[in-house]
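To start, I am sharing the structure in question, which I have written as structure tokens.
All chains are identified by letter, namely A, B, C and D, in their written order; residue positions are counted from 1 within each chain.
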Amino acid sequence: MAKSKFEYVKGFEMSDSCLPNTWLVLRLDGRGFHRFAMAHNFAKPNDILALNLMNKAASAVMQEFQDIFIAYGQSDEFSFIFKRSTNLFGRRASKLLSTVVSLFSASYVFYWSQFMKTPLLYPPAFDSRIVLYPSAKNLRDYLSWRQADCHINNLYNTCFWSLVESGLKNEEAQKRLNGTESSQKNEILFNEFGINYNNEPEQFKKGSVLLWENYHEKIQSNDGSSVGDSGNDPGKANTESAVGDSVMESTREGFTFRKRKRVVVSHVDIIGDSFWDNNNLLD
Amino acid sequence: MAKSKFEYVKGFEMSDSCLPNTWLVLRLDGRGFHRFAMAHNFAKPNDILALNLMNKAASAVMQEFQDIFIAYGQSDEFSFIFKRSTNLFGRRASKLLSTVVSLFSASYVFYWSQFMKTPLLYPPAFDSRIVLYPSAKNLRDYLSWRQADCHINNLYNTCFWSLVESGLKNEEAQKRLNGTESSQKNEILFNEFGINYNNEPEQFKKGSVLLWENYHEKIQSNDGSSVGDSGNDPGKANTESAVGDSVMESTREGFTFRKRKRVVVSHVDIIGDSFWDNNNLLD
Amino acid sequence: MAKSKFEYVKGFEMSDSCLPNTWLVLRLDGRGFHRFAMAHNFAKPNDILALNLMNKAASAVMQEFQDIFIAYGQSDEFSFIFKRSTNLFGRRASKLLSTVVSLFSASYVFYWSQFMKTPLLYPPAFDSRIVLYPSAKNLRDYLSWRQADCHINNLYNTCFWSLVESGLKNEEAQKRLNGTESSQKNEILFNEFGINYNNEPEQFKKGSVLLWENYHEKIQSNDGSSVGDSGNDPGKANTESAVGDSVMESTREGFTFRKRKRVVVSHVDIIGDSFWDNNNLLD
Amino acid sequence: MAKSKFEYVKGFEMSDSCLPNTWLVLRLDGRGFHRFAMAHNFAKPNDILALNLMNKAASAVMQEFQDIFIAYGQSDEFSFIFKRSTNLFGRRASKLLSTVVSLFSASYVFYWSQFMKTPLLYPPAFDSRIVLYPSAKNLRDYLSWRQADCHINNLYNTCFWSLVESGLKNEEAQKRLNGTESSQKNEILFNEFGINYNNEPEQFKKGSVLLWENYHEKIQSNDGSSVGDSGNDPGKANTESAVGDSVMESTREGFTFRKRKRVVVSHVDIIGDSFWDNNNLLD
């Protein structure tokens, strides 16, 4: 039973490494989440707990793969952007694709009970794909595409479920909205339901942007007593922070500080220039 | 905020469909399971519960993707073989790769507590890859490669941990085994530890083979009383069965039967011809 | 001007090797040969000289790449089949693709004046592609597809140009043939032009099949006088032979023989079984 | 003999389109030109006629594919750069690769006798590959890499053949140069052979750069007499011009002018910034 006799089959594995110096975008999307959301009674159109669970799983992925400098999530999908220069797994597409979606999926189930109030009925699955973008403009357009998609769907869904709650059948609501422009949907919401769409939660309108934030953790007073991790406050609104690798230490006013980074979630516009002007992400 | 302006970025997604009429092998492998096994106190060298959990997750994958006609697992890895003619996801590599590894990973966490006695400390991740085999011989050689690998590692590990248990340090045990042939390892086991390797559990020596089995489920006596699913007995040794799609019904001796299929686990040799002669799998 | 500073760009070359153990089919096709044929006054519908020039160029390719065990040509196209086990250029697709089409193109121009009576007006170009076939049936179906295409086009073209010669305008001839079956085209040819399609030249109906043929070349009588290469007679009908590598020598009846192989052209049916039964090509 | 029965085999052709918005570099290189140069008695180390023939073939390629905005040649190789936005052949790699190398090869043979003094003994072949570059810097570094390679080889070869001419055997010359720096080679040339390397022909030191040049062709005086194409003077030194598509006409001082573009060859430095500053090529 010589091993060598069979080992030639490894030679059928084909190289699949990604073109260097391109932004590597990995998007995953829940498989059949229409059904999954129904089965688990997700709030309509947005289940804040389910969305936060998505963010938690995405944050776990970023912790593990710190070459991801931004991630963007909405609905049942998440996009992870690896820095152009990443050499993770030698840029092998299958390795990247599989490991990220695997960790995300395992994390989604692992953290389910921390976020959701109903038990998980069956294991979910996510598909994923890698897309390469050669220019900063292409990458920004990609993220704009996803955020515009979030906006369009959310406006539609907010209208749709308002109409349904008001008594229309699903088909009637659909027919009512068919062919309407954004402005008309805003008017329906305002005139018929007293909803000012602008005042809807930013998380629903904009989706979630995950970024790395540097901070200084006070780890020890010089008299030797240890202190808590002030930067990882689970109660902090809109922040699913998580602690990354410590980088180096400094001492100030009798305290020792460790330079750390953590993932921070926000719900900001990433289509306009100001986000990109304020964050030096596209070197 | 026109959607169309950004949508061109979807054009950067490249086609990645797999050559038709080839056996599509998808192998996944635990990432850093050396550490994962230690952290969760897996029995050495084989943790039967952990191995059965792997089988359970693999079974969940087969239930979902019934074009998989055989799966083979050992250690922290599983190989799924899709039939040559599968057109699942249009044979798109990323879709197949990601969905399978995602469902496996989610299932592994989902079923963890049903199998393991210690709590799951952190979400595991699996990598995966697709390899295409054009001929039946290549495919059999692939499976032989994995099963031979199981045998070689298990023989080595059984010796190694016996030596360590007997008092050797890890490095000493390693040095002792360095360069030994199979026969010598068998002798060490027999002479020094009274272990006849042939009598070791088949699951450890051979790994796990998952196949579909047809059966008839008695669903209803004609007088209307329903009966249990006799085919899905969780207590049945060496069988992680699961119910697939029912196909058609028949009536016999006053009972109604549904033709169903389920996944059955065995630990048989798949290197020799007899397995393949007895199972008509390679048409 | 350090070389090393720039050399990193070579790392952008991506691997493109072909799946092992598949038949590698390389088909090339003249670019814009409708115009090329008109510009050079090719006989219609078949220019025997132009077709023989194609065969000559294909033969030059086979001489150079002896892993090609069969080639098939018709109209402005040629298909080269490399044996399943070929490792030429490490099965790198670009290398194979480019070198073959380049040599073919250069040969087409190089041998032009040996075959054609009019001067070459401008350099032609051919596209090419590689397609992999995993099974013998797939490969045979590929060749059948090309030969059926030859038959269908030739029958149509023979009718079409007969009609045009008889006085119809191109559009009228086209309309006349529109929607006709093979049998009807045969009848038009027979009834209106006295042409029995079966008696048309095999080369036009079947295209050209290039194969290797072994033969013994008498190289020297033992008294030292050299003799001609009897196997490479340019006057031999339907045979564009060419001399491959000599393999080994033998001595018989006072003569020395060298075992050689040469490319032989025929115009046989390759759709039915008998060709394949008579030629042991698909091991 | 239904065509449809076999046509499924076309489904085995796999998509191979190139990532959008990347510079598409197609490099071809003579196969075995060491032997080819010897067989045809190329001057050593540089045969100006052979190099000009390469330029002529490259110019023919550019004429045909005007999305190529720059081409660079040296020794037996040529690189063609397609503009980032090209959609030629839908960016299909095989189509681009094969058509370009085919046209180049056919042109090389077609124009051989116009340039060379000895007859062509056998048809040459060129390999080719496509490499994608995502950034302007990467592209410039690519071209710098090729031009630096030209310089390094030419300096070496100039020394080598000077030494050989002076009486050294090939191996002795090689040993002499082994491990020498550029400066040392310059000194050998100057001190031993009175050659100032700087005064060597630019074409040998820098290779050939092919660019498009716009010009106005005087096509007709308004009195109706036609005039020659002043832009296409074959005697013009260092210019292998060729006429591209006319774009539009204008009338000035009683003459009609057509705006045309032609390929112009120069031997300039493309490593430094000034070339790129002076030519607006990398938008």
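In this text, contacts are C-beta pairs under 8 Å (C-beta built on N, C-alpha and C of every residue); 3 or more make two chains touch, one makes a residue touch a chain.
Note that the coordinates shown come from a computational prediction; the quantities given were computed from them, not determined experimentally.
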- Most distant chain from chain D, judged by the mean position of its C-alpha atoms: B
- Message: Going by more than half of the contact pairs matching by residue number, which of A-C, A-D or B-C reproduces the interface of B-D?
- Response: A-C
- Per the C-alpha centroid definition, the whole-Å distance linking chain B and chain C comes out as 48
- Which integer distance in Å separates the CA centroid of chain C from that of chain D? 31
- Item | For chain C, residues contacting two or more additional chains | 12, 14, 19-21, 132, 138
- Chain-level touch network, classified as line, ring, star, complete or other: complete
- Item | List of chain A residues in touch with chain D within their complex | 19-22, 132-135, 138
- Query: Across the complex, what residues on chain A touch chain C?
  - Reply: 11-12, 14-15, 17, 19-21
- Name, in rising order, each residue of chain A that touches chain B in their complex. 1-3, 5-10, 12-14, 28, 31, 60, 64, 93-95, 97-99, 101-111, 120, 122-133, 138, 141-142, 144-145, 148-149, 151-152, 182, 271
